[in-house]
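Some structures are shown below for you to check.
In the two complexes below, chain A is the common chain; its partner is chain B in one and chain C in the other.
== the complex of A and B ==
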């Protein structure tokens, strides 16, 4: 190994050309054979990428069409990208990009990319074999890429991590940081559009595997540490970029109503989850009936709409309806909250769970037989007309710059505004006197009370405020869904909302957006395992609780709360915080 | 709170100001158990009062009666002439802050944030202000931050503002807790065993800090087991045994009182076989430790 590995102690191994069969041994004696590792990696990348230019499959109807030589497409593209990223990390390890390698753990990145590529190729070959009736139908290109992936993985396992500086302390110029954020946003936009466009389930699973491999590699190499830091430093740019991406998304769909319908559902779900995140993530209250507040808003939206089945004669403009729905929801929140928030967590969970069910049954019974006819009972309120803002009909497709935006795209933009409002409220409250009070309550309720924090008032405010935002989203949902029925608001929906928060990361905006996207998008794309949906969700949540209880994108404080005994983590987070405080000053 | 802007009053007990805290005939019963019986206590402005007693003497119960955690069965506690409300938060608003025997900081917040939480009851930005962020909000946030930093410097933690509370050394955590209590602008601060677990040097720092708090015009009540610390620190000492005031007076008087010595050495520390004061009600030494 070259001089670029100052941490090497086993210098005797220099120049040895051991082959990669002795991987475990090599890990124990990292000096041995690592000279072979780097060229091995290059060969691996070459084979991996080269293989994608050959045909993978004999038949042309598996995973898109992989039967054409010198015309990579579909799932082959992912391997080209992965190969190029691995190449970049290899060159960072030793070669022209080695300055990058001073800051990043390139060996870990290559290792994860290699292992990810092996898994990807194994599944891809398995799917081809399964779909087209035997391994015989896997063409040489597939095997070449598999061998390339194996070589890359072996190389990654043999490479010794260079001693590198902590990316946390990398002083980067602001234009580079902003470029990185723009690239990141562009990748998100492109990835989301690409993922939605994937037709078959197997390709989608492969795409997920690719994303997982790339994300793990970037996380292990330390890129995400740096991105996290620059995201903190350039918050306005990040927010603006995120909204630009979200805004541009419909233009990538070419007027496809099918994908936009999924996107709007994701957005409704995400907006509601963000509202719940104020209750759960900030105030630390376990609410198992939150969907009822969305339902309350939706019912208000429905009965005050122009639907022929609406039961109330008053037809105010939509903005008034939004306000009425939100206020109605928050009043329900106050009614439920004021007696129960005085007791501790478990009781609140049970009462809110019951409230969710009571809401659903009440809506199902207000049909004129058991009470006043408000909701038409189980039939709900159908035929809710599309919104119409000053002549802008949400039901009609519109043409913007030559791109057709259909009905769902219209609602998508409206929901984007609602989500933006909720995020705005969330962030502002979090960084204020009220937010500090909530953290104090979560940390030690008794001490907070003894320090003069209005514990009950703040909890009630979180509860009612969360309900307010859900009610707001609900009024739009009523028009989006066309009909409102009680069975849209079952307990399972509340559980999914909570799962999105837990999965994504309590108390973070980005995490909840990711969690909501995963929970809504995956079932749409993975219909072939729809029967096992709940089983898989359950498993994923159990695994999350075991290995990463703070969620995919963790709130630092939450992370600390989940790891009370981890002193190293506390030191590390303090370092990050001090770095950020310095950057701000 | 007047840490910086009031001239410190003379530090001699003879010139102490008007009474701030007055407890009259405070009795606390838990069912048939009388944990605190007919205790009178007065704390004046600029005075440090010590509360001592063997384990189980009812110190913490009495403390909880003062801070509104318990409502006394009989008797009243007044703060500046007003009867204290039986709610911890209202007591803080009325001007009495406390620290805890076992440190109860907000561990995952920074030192500065901890102190800023203490400012909660003296600030008023509510939801809409916080969301819209008008000039009032900015002014209040800046003032809160500045005040918190000032208090951290007062207790000697000015450089640790951005450190996580849980990463701080033990002695610093104690001082941070005091800074957090001071942030509520109290007239009176109650310290529950402020030197528990401290080494002699940290204890010395703690007593210096308490003197400085007193000099800024606050009244201080200290519960402590460390006799040397108490007798060096306090203007007056109150010795509680089995829920009743055994002796009250200057440190010298209390220190030399044979009954105090006997209570500690003879019958103290839950040791019931040697009863120095037969007139006391037996069976009242249980207290609810929080």
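== the complex of A and C ==
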């Protein structure tokens, strides 16, 4: 194997690593820059994909059925997809797609795909061996794919990144951008439906590994930078697409209530987290008792419902209840916020936490013995009937175009509307004078005040507004959950909401949706870690703050707040803003 | 009158417990402006440390002589936890936006609770704390008042800790260094004070006192569980704010005040809103009232506003 100069492997013929002083660990692979890297990668893809058409397992009951030749199962199809993506990046590096390679860091993508494939194959083989009683039961296909993955990883480590332009400045036609968004949305829909349909934990973990490998590869190559940009440019298309996906989701479930129940929970959680995101992400007010506002709405929904245990005789129509719940919640927000918003941020966090506890204790005490009988104390309000809109009973399944939509699907659609309202409010506020005021307060309260921003008023508005939205979601949650008890609204739930925001990315809609989905979906699917769920959750919070405090999908400005010394990032953001300003002028 | 005095006694007991924990919040906040939300868990781990020491070394023994060793065990476990947590989780975040350490603290808190629940044998339910001669057993009767023996231990432990703490802060070089860092970390560093070391010591100091509190709680309640740190920590933080955060005397005064206020509320608030079911609510209402009317606390906060 001859070691050639980097120029030979460069399609464009530029040495771009001369100015790098410290070489990352991943780029110190022997044989780096060798001409053999590219063909090696092709061989790797061939073996990886070829192996999936052979049997991986002797027994047919592990990870779905992987024992039949020329009939790949779901676990194998993931590897086919990964191999094809890697092939595309290899061809972008050198070959027919090399114009794409001018914009994307194809070598980094191949590297990540390769390493991801190795990890995936290792786990897959491990699971097959463990569940069927020994490595002997791993059939040749698995080994072929593993070798392919190893070759692909080696190739990725040997490839040297071509000089590429920043995808932020890519000029693409709008139809291409819209197509990209549509494809992305379709992938999300398909991926979500597929993931929810996976029955066993091991297959689910493998699918997650596949998604993680693909996502990191796309992120490292710069595709996500471009997607972020076109998402900003074509926001209406993206929004419509996202809602179309969310709307179509129940139709992919074939009337199964099990997954719809999870999806509905995710949606309640996400809607609440989006409301909290206004308070925390935009205005920067750390609210650790937000769940109390959801609870306030839920209790209003419960005691004004037709439940036999409701303590108030007034039974208004549901829309009135939603309004009453939301207003009640925001009044609580005003009561708690108006005195405490004058103190500094840390105090606010603790006061809101204390408020959350006060709420829970109070709801547990108002049982007739320790206070007026309003909430039935620790037993809560059970047997809340399903909603009924003009004869449309939410408890009954309905048939739409031959597909049965069950009880949870009905609530899902209602919650979708509520989530849409919250997102709409969020986005419009974010782009308004109020939103800019919030960002100013978040970044430097004193400077904002000096510039004439009404700090107290805006903070109070954020607080009460967030409470309003949570109260709204709470009234629906009461009917969806059937019963409302105080221990549904413990501090841990507030911590989960906050974690959804932090994990996904503060101040962004997409981030919160991702965070909420991860936090609700994983525990449902990974039942075998059920007991360690909270332990892992705590650990993830700590690690996340340590290594990626801006979250998975970061708001660029927010990212900069956490990495103040990253001048490169600052410059890029500034350049893009300048370009946008020029384009507008 | 007897009722009133009885509630004072109960309040002082409870308050001493809060004060022991509150010192940890206030010392750390005074130096790094960080609400160490996981401090309640350090307290809880102290109690488990004492129980573990007893189970491993003295199972079946109830003499008073085992108590100092149990306290020592509790202190060692708590201090280790606090120091490791500072080193691994908080130190890398110094200078980050203030949201980051707070969220880390929540993460640590959940992690520690779960770690104890999952890995301490039998901790999924309540564990019985050993009875120790002299400090547990039948309550003392003094002029019509009932005084739990463990209450005497708790108040005594606070008194001893407070004297030692005063001596440490005002009469030793390290204590002086701590004061200097809390006034101005940058200048203190220029004067040759090792700020990192001072911060570790602040965490360790708070943890040691919390551990003593953990033992006291075990003796008072005669059982411990992994959840006990959350509410106790929250109350202790309330106490620290009540006294004036960053102010060590304040933490002690605040703790005692909160304890007495809570006991009084149980006894003297008439009608349905009195009684023990509402005492936590009144404690937190007190926190909110203090923040509204006197945010600097009873004795005045010793913290420069950086926000």
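In this section, the second predicted complex is superposed on the first by the 545 of 585 C-alpha atoms of A that agree within 3 Å, B and C clash if a C-alpha of one lies under 4 Å from a C-alpha of the other, contacts with A are read in each partner's own complex, and residues count from 1 in each chain.
Definition applied: a residue touches a chain if its C-beta (ideal position, glycine included) is under 8 Å from a C-beta of that chain, and two chains touch if they have at least 3 such contacts.
What you see is a predicted model, and the numbers here were worked out from it, not measured in a lab.
Ranked by how many residues of chain A each touches, chain B and chain C are led by C. After overlaying the two complexes on the shared chain, residue contacts for A:439 are found with chain B alone; chain C is out of touch. When both complexes are overlaid on chain A, the residue A:393 reaches neither chain B nor chain C. Of the two partner chains, chain B is the only one that A:455 touches; chain C does not reach it.
Legend: residue contacts after superposition of the two complexes on their common chain; A:286 is shown touching chain C, with no touch to chain B. Once the two complexes are overlaid on the shared chain, A:166 sits clear of chain B and of chain C alike.
When the two complexes are overlaid on their common chain A, residue A:539 makes contact with chain C while staying clear of chain B.
By the touch criterion stated above, A:102 is placed in contact with neither chain B nor chain C. Common to the chain B-facing and chain C-facing surfaces of chain A are residues 561. The residues of chain A lying in touch with chain C in their complex are 280, 284, 286, 288, 336, 339-340, 342-347, 349-351, 353-355, 357-358, 361-362, 364-365, 369-372, 445, 491-492, 495, 498-499, 502, 531-532, 534-535, 537-542, 544-546, 549, 561-562.
Against chain A, in their complex, chain B makes its touches with residues 67, 69, 88-89, 92-93, 97-98, 100, 104-110, 113, 116-123, 125-127, 130-131, 133, 137, 140-141, 144, 162-164, 166-167, 180-181, 184. The touching residues of chain A, when paired with chain B in their complex, are 424-425, 428-429, 432-437, 439-440, 443-444, 446-455, 461, 465, 557, 560-561, 567, 570-571, 573-574, 577-578, 581. Chain C contributes residues 33, 35, 89, 92-93, 96-104, 106-115, 118, 230-231, 234, 237-238, 241, 272-273, 275, 277-278, 280-281, 284-285, 287-288, 291-292, 295, 305, 307 to its touches with chain A in the complex.
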